Amino acid sequence: MVPLDHYLVLAMILFCIGTLGIVLRRNIIMVMMSIELLLNAINLVFVSASTYNQNLDGQVMVFFVITVAACEAAIGLAMVIALFRKYGTIDTQFLRTLRG
Amino acid sequence: MGQITIFYILAFLATACSLLVISSKNPVTSAIYLVCDLFILAGIYASLQAEFVAAIQIIVYTGAVVVLFVFVIMLLNLAPNEQSSLGLKLPDIGFTLLTVLSFLIVTVLLVNEQSSVSGGALGPPEAIAQLGGNTRAVGMTLFTKFVWPFELASFLILAAIIGAVHIAKKDPKPADKAYGNLKASNREKAIYGSP
Amino acid sequence: MILLWILMLLPLVGAFFNGIILRKAPKSISHAVGAGTLIAAFGCAVALFMDFMGQGGASKVVLAFDWIDAGQFQAPFRYIVDRLSLLMVLIITGIGSLIHIYAGGYMHEEKATWRFFSYLNLFVFMMLQLVLGDNLLVMFIGWEGVGLCSYLLIGYWYEEDQNAQAGMKAFIVNRIGDIGFLIGIFLTYKFFGTISFSELRDLVFSGTSLTNGQLQAVTWITLAFFIGACGKSAQLPLYVWLPDAMAGPTPVSALIHAATMVTAGVYMMTRMHFFYYLAPDTQALVALVGALTALFAASIALVQTDIKKVLAYSTVSQLGYMVLGCGVGAYSAGVFHLLTHACFKALLFLGAGSVIVAMHHQQDMRHMGGLKKHLPMTHGAMLMGLLAIIGFPGFSGFFSKDEILWKAWTGAGPWIWGIAALAAVFTSFYMVRMFMLTFYGKFRGDHHTESHLHETSWIMWAPLIVLAALSAGIGFLNVPPLLHHFIPLGETFHHYLEPVIAFPPQGLLHWEHLVAEHPHSQEWMVMGISVAGMVCASLFAIALYGKGFSPLAESLARRFPNAHKLLENKYYIDEFYDAAIVQPLKDVSLFLWKIVDVSIIDAAVNGIAQSCALLAGVTSFKMTGSLHRHAVVMIVGLLCMLTALVF
Amino acid sequence: MDFVNNHILSIMTFIPLVTALAIAAIGNLRFAKMVAMAGSIAAFFASLHVWYWFDSQTTGLQFVESFVWIPTFGIKYILGIDGLSLLLVMLTTFLTPLILLSVWHEEEPKQKWFLALFMSLECGMLGSLLAFDFVLFYIFWEAMLIPMYFMIGVWGGKNRVYATTKFIIYTFAGSLLMLIAGVVLYILAYEKTGYYSTSLLDLYQAAPGIRDQMWLFVAFAVAFAIKVPVFPFHTWLPDAHTEAPTAGSVILAGVLLKLGTYGLLRFAIPLFPAATATFAPLIMTLGVIGIIYGALNAWMQKDAKKMVAYSSVSHLGFVVIGCLAVVAGGKSLSPEALTGAVYQMINHGISTGALFFLVGIIYERRHTRMLEDFGGLAKTMPWFAVMLITATLSSVGLPGTGGFVGEFLILLGSFQANPLIAIGASLGVLLGAIYMLTLCKKILFGPIKHEENRNLKDLSPREFAYVFPLAFLGIVMGVFPDIFLSKVRASIEHLASTFTNYRLEAQVLSPNPDKFTWDHRDQNTKVIHTISTPLNTMNTP
Amino acid sequence: MAFELPTLTLDFLLAASPIFLMFLSGLVLMLAAVSPTLEKPGIGFGLIGTFLIASLGASLFLVPLSEKNHLAGTVISGLISAFGQSTILMISLIVVLLFQETSLKSKFFRGEILSLYSFCVAGMLVMVASSDIITLFVGLEIASICLYVLAGYTDPNRKSQEGAIKYFVLGSFGTALLLMGFALIYSATGLINLKDLVVQIPKLADHRWVQLGSIFLVSGLAFKLAMAPFHLWAPDTYEASPTGITAFMATSVKVMMIVFAFRLFSQGLIGAFAVWLPALVFLAMSSMIIGNMMALVQSSLKRMLAYSSIAHGGYMSLGLCALGTNSLELPLSSVMFYLVSYSLVSLCAFGIIMWLESGVENLTLQDIQGLSTKHPWAALCLAASMFALAGMPPTGGFIAKLFVFKAALDSQLYSLVLVGALGSALSLFYYLRVIVKMYMTKPHATLSALSPKPSLILACLLGTIVVTVLLLGTILPEALFQQLLKAAENIALN
């Protein structure tokens, strides 16, 4: 049996990678894909914990997380499209008029 | 034994794919790696006897969400220079890597051999099997204990749809576009006096 | 005691009427009110005196009303009526009346004299507070009150910058002394629990002896009060205000800066004599300061050319004598000199005032000369004053000054006596010089002035006559035993004050020499030397200045240019004070304001705010609005919280 | 009538506020002025009522009104008056009508708001003088800042924004420290008494341990020191005074600064006697520095108003010294010095108020306050000269004026506590004369250098009417101080004795003063408060 | 284990009626948007107003006095929920009224926007009425997703889009943090309801994953509450969004998250007090410092208020920090009091800005120079709200601050309170700057560009708010506080 901690550490590693993606990539779509990575890391924790705790609530949670992920993706991508249509770019460098 | 080996292989693959996701120059490539990643994770879920989740991971996540990404990437057809550049300057990157690394170290430091307690209300896998398997058990939970959030999820999706439609729809009144400029010029007029 | 209240309130009423109600009234009315109230007050004083002496002359204490009462501290408006205070009251009201009368003539050319008489009356009121107060605090009211009136009167012609400046100087220098006075009060209260003269006196003279701590404190107390006296009575080193105070109208100089106010220090020391007797160390210092002041001021007066300045330095010098008298324990001698000095110095000042009026406010003796024929009355009166001040045998100054010199010889030794005697010689010289330069020789002023020279009106010379008579005769109140053989009069004045001035039991051993017998030969010798010195100095002065500035006088000045210059510039004391105290203080103040206050304290206060804003500005600049940077900050925050967990 | 008698303090406090609201609602400026004047006079009469019925023999609070305001936290609405506050209350109600008179001629429409602000300021001042509940006091104390802020900021001089911002933030920062300390004290009191109450009378029972007292005292003292202002915290004052309109300066110098010293007497000292005894030398030293420093600074000023402002720093130094003259080896406060301090507060309010009025009067005529622009005004404005000299003399503490009584008693009392301090402070008497007479000389005396000064009008009857009472009172206070002192005597002796009793008690209650811990739960200091301080006639629930 | 379909009780229907009403409102408005005849601002206003009032009424009057669980604990009715719901609804109503009188009227009162607005409110209502992690998450997401759209696309322009995207990206990251926290705690306990955690967590306080999870949870919470250093989205988004939405975000999101924090800290994680307290103290301190300091240098009013709201988040969490050491009731009710007073005041300030903005896009300090001469009453309201935000007596802001300080001092958080006090002093500076500009500076030319329409509704509304805030500082505090105390007891007993 793989200890639960292994799953959690894997999740943490994925979470960190996702975070790095958010921090480093300038392309908004890439940033959003990194967010998906984060959500996957979370799902991994929920699923593994659910199994180890012999409790299905975690898996139900994953269901909702996936739903939310879909919704967020929809909204986010809509925003990206709107932005691109109007200004022709989806570079985060473009989004720096608000500052201070 | 075998389980552990499989886990490590999958874990390695997942990490590798994730790294490729964030490091690929082309978003499409990234998306492909993301799909791979999701599949691998689905494998892990399956190995954890969470078949239902593994299934929706593939169907919904991979089938819908990532495809949506790919679709949008295609739609936008980005110029190459916008695909690859990094969001931070070099010193910042070093700093960030350091931060994230230390974050990881801290996390790993935190790990100890404490075993988690089981607050399980469901019982061992046999109980799940008795209920008719994982999918049915999850379904039952979803529709009894979590019926309220489940219903709410519909509103969530509805809200997302409305939002997405509102965002993506073309501006019905193009005149409005100039509104901001108008306001700006209004102020300038006030400052410099009208000609 | 109703007389006492009337006596005290009359000047106040006069001041009030003149100052508030009669502002638009003609000059004659304000003069009448001013002088009238004072004459009435003098009348009251005389009646009070008669009444008092009729009742045997024992001290009385009268309460007006409560003043300050806080914690254990009490200072009611309580007045002491005794031989000393009544004597002072008589001097103040008597000479005051004469000067008020005279002032009517002197201020004839002024447009509005209500202010002048109001101040003058107020001054008398304050002076009465000073001398009658039974506790130190009531005395202090008068003490500062006369200072205020002096300030106002010196600056009476305020349109001249330097007059206002002189008034301020007087007030501030006096304040230095006042701090000493205040500290004296605090010490007294701390160690004796009361500040009432009568109670302190009872305490000192009562059977219970003072503790060692109290005895030590007495030294400090007396020192502190002496600082006060130095300020008010223009002793070294605080005398500098008095010469400048001559900027005021001459009657003011006569009343305040010669006859009354400046003697307040002497009066106060006499009031506190039981303390001074307990502190021989202080006494020694007092005597030294008195003698030095006498000599120092007299030496400056030798070369002054401004008639009022000469008289001013002369006043300082004479005050030195009085203080010397106090210092050697001869309080009654000091007070006696105070009395005679009040008469002859008032006379001299008023005479000088007449001269000045006649000269159209020309005060420089270099432009006078030969006024005798134009101002015969003034000349005559001033001659009396001159003889009195130089101590011509038979005149008042002779008796009073001689007693002080003799007590100095016996009490403080030949050195102090020598200084005082030398000062007496100088006095004779400069007074005769002044007299000669003014009244004899040829007129040195311009023709226009000469054509208008004439004797002053009776209102001005009448008081002079009275004062001249007093200056000549008042000395006989106290004839020393040595001369009883020639003049069959006793030590009336000495006996009069005897009940008031006494040695406290614990201080007696320091003062045995005062009551000891001394051989008459010594006394004759001391007297002889001073009379001889006086005569020589006078003759020398006549020789030098009898016909104006003789070539000899000028050659002397040329022979000793440094000494002459030093004296002419008053030893550069004013300049010294300015450079050593005033300027540094100003520099420090400027430093405190410009550097400490603005650039350090205020800058620190503002700096806190500014540094916050600066920090925020830098942060704001660094936050470039980049999404990624925002995320990094979040991660750093998370990491911070996590680190707390690990450690 | 019973209602009035029972609630006279509330009535007095809130008449101005109601007036302010009424003024805000009134459109007509003339009418608004009348209402303001009527309101301020009504408040004055109310205070006269209090003065008349005030029992000067009792040590306790009088005219007490008390009800629980926020029961959950034990915050109460307690108004009361004793000797310490009585005089300041009188001063406040007395100055207000005069100040209103001084702005009577302003015809700008927004002047209405000035009046409203001023009346609400009066409410704040009276409230903080009368409040005997910490939170209530704090509310009035802070609320007072707002009208003052606007008065300086809107009606002030050229640099007004800087000055007023500095004023309010500085005071506010200090007050916040006090607020924290007050709340801590309130928690400590709860641990002693077992019930929550912010009533001052209950806070007096907190009796914190010696180390705690130190911190709490510092917090309170700093708050009040800023308000006073004590030496290193004073820099807001010259700015605020210089920029404030005349009316603002008068009330600022007249009453607001006194609230700082009043706070010391009412809160910092009786609440933390042990700390007071420890810090007294330090604060007295600061007081002396303030006296000399303020005086020297004042001497150098070229702006008349700034000069008077620095003189306030100097004069308030005396008051601070008087408040903290701890005698008898730290066991008692000197009643003489305390009396002097209280008296000096009033006197400073009157003399400096008059000075600010007078500077304002010439400013109105000449639109400059620079000393070099004047000179020789005694000739053109004789009554002005009389008033200025009177006010000056009172300010320099000439015997026979109120200033002398106050300064003398302070010096006398503090001499018993610490002769060096007193001697240092008495230098202030000398320096005071120097700069005040310089001021007088430069304005009044000397030749008329500027042609504009030749035709200046003397005081108008209105101006005379608001300056004369102050000048007159300055002299009355110097000659008949007992009128005022008799009212405060009992309270002051009580304060001094409370200090003694309470201080002894605090030492008993802190078993181990060396061990310092913030956590009072661990300390065995939960001794039931047996020796109750005989604070006053009021019972707390 | 038996699975039972939950029965719909009347209790549940009543308890959830505010939520139902708001969802219904969303649906109705969405449908109305389809019909061209119905898509008019007036109708939209009427509809949403009606629904909000109805919902508000339901939340106020259909409250059980003690807490009750419905649907397996996914819905909680009780005083705390009622507090959260009614406050959020009140805020929403005020925001709608504010929009009614501004130039954005035609943009805001459109079917899809109003429907999103309703959903958003509904999501918040769900969130405050639950202690189940899944429900909380879904509610939060409904609210967030709607807010992303509302913030950026009510009046889409470059700035608001930028703000929305930043908000979206960072918000998703924040949600991920929160979720990760939930997940880790779940991994250690296997429990999904905060109430159930009460028993488990104390045993597991040393458990590393619980600790890590707590920190993640706190940081997720901090993100949504806009607490430093998780605050950076707030100024950008607040500045870029239409002011009404900014006002809505700055207040109702705070209410939602604070009520969530109540449940989290006073129930779920109370046992792991030692873990999250340092983190929360760190957040509170940095929020008070950074919020107040950064506000000093802002020239845009909205941005300044954004930083100010960050600082206020710090003050509220100061009260939260007091949880766990002492009794719960006082800290809880103090924070609630703070919330109410802060929300009212913020709405007033934003309301004035909204009203003034009709001619100018992003109001800066320069624009309001000399405002008092032209719009004295608006200036007065803004000044009053600035003083209240700064916590000057006699406003409710002061009483709120006092209560929170008291709660924190009760728990010996001296340094924290000291920082809070110093921050307060600092904050006065920038609040005063607004007043300085309005009252003590000569009008700038831009003042004439401001040409708001006089509005009776707005005047009444803002006037009422100002008076209420003043009353909260003088007469009313006890009346409100008693109610809040009851609510707090409600949660503390469970």
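A, B, C, D and E are the chain letters, set down in written order, and residue numbers restart from 1 in every chain.
One rule holds for everything that comes next: a residue touches a chain if its C-beta (ideal position, glycine included) is under 8 Å from a C-beta of that chain, and two chains touch if they have at least 3 such contacts.
Keep in mind that this is a model prediction, so the values were computed, not measured.
Looking at the partners of chain B and chain E together, the chains they share are A, C.
Common neighbours of chain C and chain D under the contact rule above are E. At the far end from chain E, in terms of centres built from Cα atoms, lies C.
Contact count check for A-E and C-E (C-beta pairs in contact): higher for A-E. Put simply, the C-alpha centre of chain A and that of chain C have 96 angstrom between them.
Distance from the chain B centre to the chain D centre is 65 Å, each centre being the mean of its Cα atoms. Centre-to-centre, using mean CA coordinates, chain A is 3 Å away from chain B. A separation of 42 Å divides the Cα centre of chain D from that of chain E. Contact with two or more other chains is made by residues 87-88, 96, 100, 103, 107, 110-111, 116, 118-123, 127, 141, 145-146, 149, 153, 156, 159-160, 163, 165, 167 of chain B. Counting only residues that touch two or more partner chains, chain C has 609, 620, 623, 625-629, 631-632, 635-636, 638, 642, 645.
The residues of chain A that reach two or more other chains are 4, 8, 18-19, 22-24, 26, 31-32, 48-50, 52-55, 57, 60, 64, 68, 71-72, 75, 79-80, 82, 92-93, 95-100, listed in rising order.
This structure has the following touching chain pairs: A-B, A-C, A-E, B-C, B-E, C-D, C-E, D-E.
Considering their complex, residues 3-4, 7, 11, 14-15, 18-19, 21-22, 27, 30-31, 34, 37-38, 41, 44-45, 48-50, 52-53, 56-57, 60-61, 64-66, 68-69, 72-73, 75-76, 78, 82-83, 85-88, 93, 96-97, 100, 103-104, 107-108, 111, 113, 115-116, 118-125, 127-128, 134, 137-138, 141-142, 145-146, 149, 153, 156-157, 159-161, 163-165, 167-168, 170 of chain B touch chain A.
Residues 626-629, 632, 635-636, 638-639, 642-643, 645-646 of chain C are the ones that touch chain B when the two sit in their complex. Within the complex, the chain B residues that touch chain C are 87-88, 92, 95-96, 99-100, 102-103, 106-107, 109-110. Residues of chain A touching chain C in their complex: 19, 22-24, 26, 31, 92-93, 95-100. Note for the complex: chain D touches chain C at residues 166, 169-170, 232, 234-236, 293, 296-297, 299-301, 334-336, 338-340, 376, 378-379, 382, 393, 398-400, 404-405, 408-409, 411-413, 415-416, 419, 422-423, 426-427, 429-430, 433-434, 437-438, 441, 444-448, 479-482, 485, 489, 492-493, 496.
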